[in-house]
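Next up: some structures, all given as structure tokens.
Common to both upcoming complexes is chain A, partnered first by chain B, then by chain C.
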Partner chain A sequence: MYAKIKRTLGKERIIYYFIPAMIILGTLAVYPLVNNVWLSLHTKAGKWSLGNFARLFGDKWFWNSMLTTGKWMVLTVAGELLVGLLLANLINLRLRGTKMFRTLLMIPWMTPMIAVCTVWAWMYNGDFGILNHGINQLFGSDILFLSNPATAVIWLSLVYIWKRSSFVMLMYLSGLQGISMDIYEACKIDGAPWYTQLFKVTLPLMFPVIRSVLLISIITAMNQFTIAYSITKGGPSRSTELMQMYIFNTGIAGFQYNYGAAASMVFLIVVLTLAVGYIFATEKAEEDMF
Partner chain B sequence: MMLTKKIGSIVLCLVLLCAMVPVGASATEPLKVEGEITVWYAGASESRVELYEWAKAEIEKTYPGTTVTLEVIPMAELASRQMTACQSGMGPDVMSQPIAATNGFMELGLLEPVNDLMVCAGRDLLKEFNEDFFELMRDGDVLYGVPQSRTALALVYNKDMFEEAGLTEPPKTWAQVLEYAEKLTKKDENGNVTVYGFGLPGTGGSHIWYRIIPEIWGAGGDICNTEMTQATLDSEATRKALEYYCSFYKNGFAPRSMLENDQTATSQMFASGSVAMTIENVTWIRNNVVEKNLFNVGVALYPGMDGINTAGLGGWNACIPASAKNKEGAAAFINLVTGKEGMEQQLLMPALAEVLSAGDWTDDFYGPYSTMLAEHSRDFPAFENTAGAQTIIMNMVQSVLSDSATIDDAIASAQEEIQMLLDEQNAD
Partner chain C sequence: MKKLKAFSSAVAYIIIGLFILSALFPYFWMITCAIRDQSDLFTIPPKLFSASASLENFTYVLTRTRIPQYMLNSVVIAISATLMCLVAAIPAGYALARFPFKGRKIVSSGVILFKLLPQSAALIPLYIIMGKLKMMDTHFGLAYVHLFTMVPFAIWMSRGFFKTVPVAVEEAALIDGCNKPQALVRVMLPITGPGLFSVGVYAFMLSWEEFIFSYTFTSSRAKPVSVGIALFLGEDANLWGAVMASAILMGIPVLIVFFLLQDHFIKGIIGGAVKG
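On to the complex of A and B.
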């Protein structure tokens, strides 16, 4: 028995090098999580209570934020996917100037988010914004981008898509470049048009990459805070108040730490459920495909 | 005989000692200033930074061996950092904080009473300051902070535009503000507005709060009762105030980007000549318009429904956390920044009555601000969750501006939410 243990410990030696990092990271990640759970289940006075959750589920603005975050996620993830794939396919054509184009495309991703938000806020401005002025002059319309509660989240999502697409494009590009050109040569010989190649060859072979990138996109989108906070501050009429902003407004700015902890716990469960459900669903789809 | 004398002497000594004790207790011992004093403040303006640097130098000169550590905390995270630090017992010795925050800290027992400490520093706070300034930071006779600065908003206007429009004096009532706003709004040949008559913020919780609540007060209403148990937002006064506030946008006298603009953006439009009048504080206007000599700025008392509005007080307090390690050093520092010499270095209005009623503070520019502060200002209700209350009010205004709710529905919804906030506050 002792010899067996000794053999096992000796074999797993490589993992010992990870233990210090795991301890530190675990403490930094686990302690706040445990503390958050404790806060959510207690009142300010330190008494055990489910009151925070009861209040949360009865708060119409909590549900408003959930719905807004859901809309935000659908818009931004779909937008990133489409734009990222399109750009990746364009870059993959390897036309003249592609390298320079690819470098220029990285500029949005490299620009600090707060700078992006400041510039876009001014571009959208109803009195001085270049977008506002340009589009309304061109089409004779009277759009106030960030003043309409029904559409403000759409315009904000454009900012996010603009910022993130280049990063997503890089991921898809690496997937595209992993597909052997022989397959496309074979398709050409068989006379397959470009859309058949795209839907029957490219996308299926890229599925593992798309699957991973989509998961990261979903989680990142749901955790977005800066854009809504900087540009619209959750308005107008709380139509762009994403979940992270709701948690910040109630838990941090409002000094309602216990309530904010409850909101963040519920949100964590939602995101985890979504992520796990997504992984299982796409795993099945990938198995069926291959 | 000898024994009697001895007993008599002992008794006499005891009597004298007993007599001396009350005398000793009432004698003010000077502050014992030594060691390190940590100060957290928002370096929101250059003058504030200069003031604190000056106080640091003075303390270190007067008390050799004492070091003052100044830490500038970004404004956006000041309150939350101070709250977290105080609750964990790791706070500084001196906290400079907006007046809206102090009440919350006091209610949570996070602040040190300052009465005795400031007496030791040679101060009589209730004599030196307007007693109203302590409203939200006192519990009976116990004071929990020292006013560092106070502000009250006033109407600012572009005198050159007024002259062009043939307006000789500033508006004094709502009706006049609306009339002037219409006259001052200019359009070009294509019908695009080039100058808006009146600018108000359509976003930014605290910015809207500071400009709509006084209108509600001016119309005879309030957000809640004095005991803070009942929301009173659902009233005719609120309806009138909300209608008035939104009417500028609805009629095209306020910027069409109003829903996107907080007061800073609105003031920037004022400074650039796109807005003729707005409600703004002294600091911003002085820094960004007067000192840059952009145009002639007029300042007037804050017009209300039938007369002068009561403005809500803004400003800063200097407080000592209950967990401070060097309370006497903290008191010495606060004594400097809130004393006469420190107050004279203030850019925001000085809270000290003696300074406010003299010199520049009574001229054409500062005079209306001083008058608003001295005669037409009051504290906002002390919500524990001020940020939450401000968000509710902001949402109420935005719902009407964006036509996503009628005035009645917006007010009813806000009333319900404010009541919930009060119920939570009172349940604790």
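On to the complex of A and C.
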């Protein structure tokens, strides 16, 4: 009997390697997700109901969060992409001091988000912030960074772009370095100008890298919470209330577990659809290119 | 032609310089605002440089606030979380890297999926469960939920590191008489040691700066420094200097560690993300 147990346990089954991870992710992700689905489809009293979702569709603040998160996503992803690509190309030139430049540029990314948020909140301060002072000196007027509902999300996204660009830069850099120099030699021999080189050679060859970096950028941007919560608290007039903040505010702070669960389910579906749709869409584009 | 090259080099240097300036200016500002006298902080117009210098903000933060307690909490929580994370992630990463089992691609995709999950998807259920299990505001409870973000990343990173070792190394170990787990412990771990150490450090950092779960699941005992600083930030309009000081105290250890280990991190994070 004991011999049999010993024999079974002694067999090196691959699944053993995954057991701790399965326990952790099962209890932290899988079970809560299932629970979330249940919560969203029931009322507080425990009765089955689609009321949460119906209410969600009519909730203007929910849609405000969606819109804000969408704006945020476009701003940050575009910003990261441009700055990251630019920096990657510059670092790739391998000028003197490149390694030091790269390290210095990475400091914002390495600092904890909340620490970064404190100084930016202070710099953006309406009365005493140094940024307003700088703008004043240069242009003579003020910019209401965090108090104008129409533009607050733009200034907030600047903080995020500032923090994340060097990480994105690193990924693009490794992509650039994967392109063999011979191709550029051939371009030079063929007399191709720099813009042809950029658009017809570099960018297409970088497409796989850009594709995966973009996906990570999009999803990570949508999942932000700390930056909105600490710098603007979702204001002014809830114009920077990202989706995770809305869920927190209604579900936890507002004690509306079922309603918040419904909101988080819709958000999750949006995120997953975006991810899957993105992968499919770009897969086709990649095939067409090659 | 040479002139054009020199000119474009110069332009490149200038652009890089501008970016470095904008990357570093906030840190200069953080330090100078933490060091100057309170009165120099609230001048109109704000002063770029200030003649005053004192460490009173730091002593204030260290002696008159609960920030040191929060930092201790963060350390305890992060260490426990990292240990649990490594126990789960290293075998899983190894198995993903080495064993060509059926469904490996699904599991890999699953790990990536977990990496991208929004924390809000689990937030409310976890809130309810933690309350029922009396895990709210406990160090262990918080350390455990931190694993939500830490484990997928750690699995992915360690998988990347394991992949860099040629299979021949393990095959040699197996020929020499080890079975697979022994090969893992006696041969792979020493070789990938530095890499795995950086996985642990990165996991520690994830726990150190984690915010949304930490904010939701603590109230007084187990509050980590990330939440402490956020509350400090929202509290008093007059204590900006002290807020800067606490941000510095929170960020300096992280920055030092990152500096020392940057090559490892960069390799680990890129390797996983790009090759996919």
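Everything that follows uses one rule, which is that the second predicted complex is superposed on the first by the 264 of 290 C-alpha atoms of A that agree within 3 Å, B and C clash if a C-alpha of one lies under 4 Å from a C-alpha of the other, contacts with A are read in each partner's own complex, and residues count from 1 in each chain.
Methods note: a residue touches a chain if its C-beta (ideal position, glycine included) is under 8 Å from a C-beta of that chain, and two chains touch if they have at least 3 such contacts.
Everything quoted here is computed from the prediction, not taken from an experiment.
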{"item": "When chain B and chain C are modelled together on chain A, clash or fit", "value": "clash"}
{"item": "First, second, both or neither for A:Leu268, with chain B first and chain C second", "value": "second"}
{"item": "Touched partner set for A:Leu170, first chain B, second chain C, both or neither", "value": "second"}
{"item": "Touched partner set for A:Phe18, first chain B, second chain C, both or neither", "value": "second"}
{"item": "Chain B versus chain C as contact partner of A:Leu75, first or second or both or neither", "value": "neither"}
{"item": "First (chain B), second (chain C), both or neither touched by A:Ile219", "value": "second"}
{"item": "Which superposed partner A:Leu56 touches (first chain B, second chain C, both, neither)", "value": "neither"}
{"item": "Residues of chain A touched, compared between chain B and chain C (which is higher)", "value": "C"}
{"item": "Touching partner for A:Ile252 - first (chain B), second (chain C), both, neither", "value": "both"}
{"item": "Which of chain B and chain C A:Lys233 touches, first, second, both or neither", "value": "both"}
{"item": "Touching partner for A:Ala121 - first (chain B), second (chain C), both, neither", "value": "both"}
{"item": "When the two complexes are fitted on chain A, the stretch of chain B hitting chain C, from 260-268, 386-394 or 404-412", "value": "260-268"}
{"item": "Residues of chain A contacting chain B in one complex and chain C in the other", "value": "121, 127-129, 233, 252"}
{"item": "List of chain A residues in touch with chain B within their complex", "value": "44-45, 55, 121, 124-129, 144, 146-149, 232-239, 249-250, 252-256"}
{"item": "Touching residues (chain side chain C, partner chain A) in the complex", "value": "9, 12-13, 15-16, 19-20, 22-24, 26-27, 29-30, 33, 41-46, 48, 84, 87-89, 91-92, 94-95, 99, 101, 107, 114, 116-129, 144-145, 147-148, 151-152, 155, 179-181, 205, 208-209, 211-212, 215-216, 226, 229-230, 233-234, 240, 243-244, 246-248, 250-251, 254-255, 258-259, 262, 266, 269-270, 273-274, 276"}
{"item": "In the complex, chain A residues that touch chain C", "value": "12, 14, 16-18, 20-21, 23-25, 28-29, 31-33, 35-36, 39, 83, 86-87, 90-91, 93, 95, 101, 103-108, 110-123, 127-130, 133, 136, 162, 166-167, 170-171, 174-175, 209, 212-213, 216, 219-220, 222-223, 225-226, 229-230, 233, 243-244, 247-248, 251-252, 257, 260-261, 264-265, 267-268, 271, 275"}
{"item": "Chain B to chain A touching residues, read off their complex", "value": "79-80, 83, 104, 202-205, 255-260, 262, 269, 274, 384-385, 387-388, 391, 394-395, 398-399, 401-402, 404-405, 424, 428"}
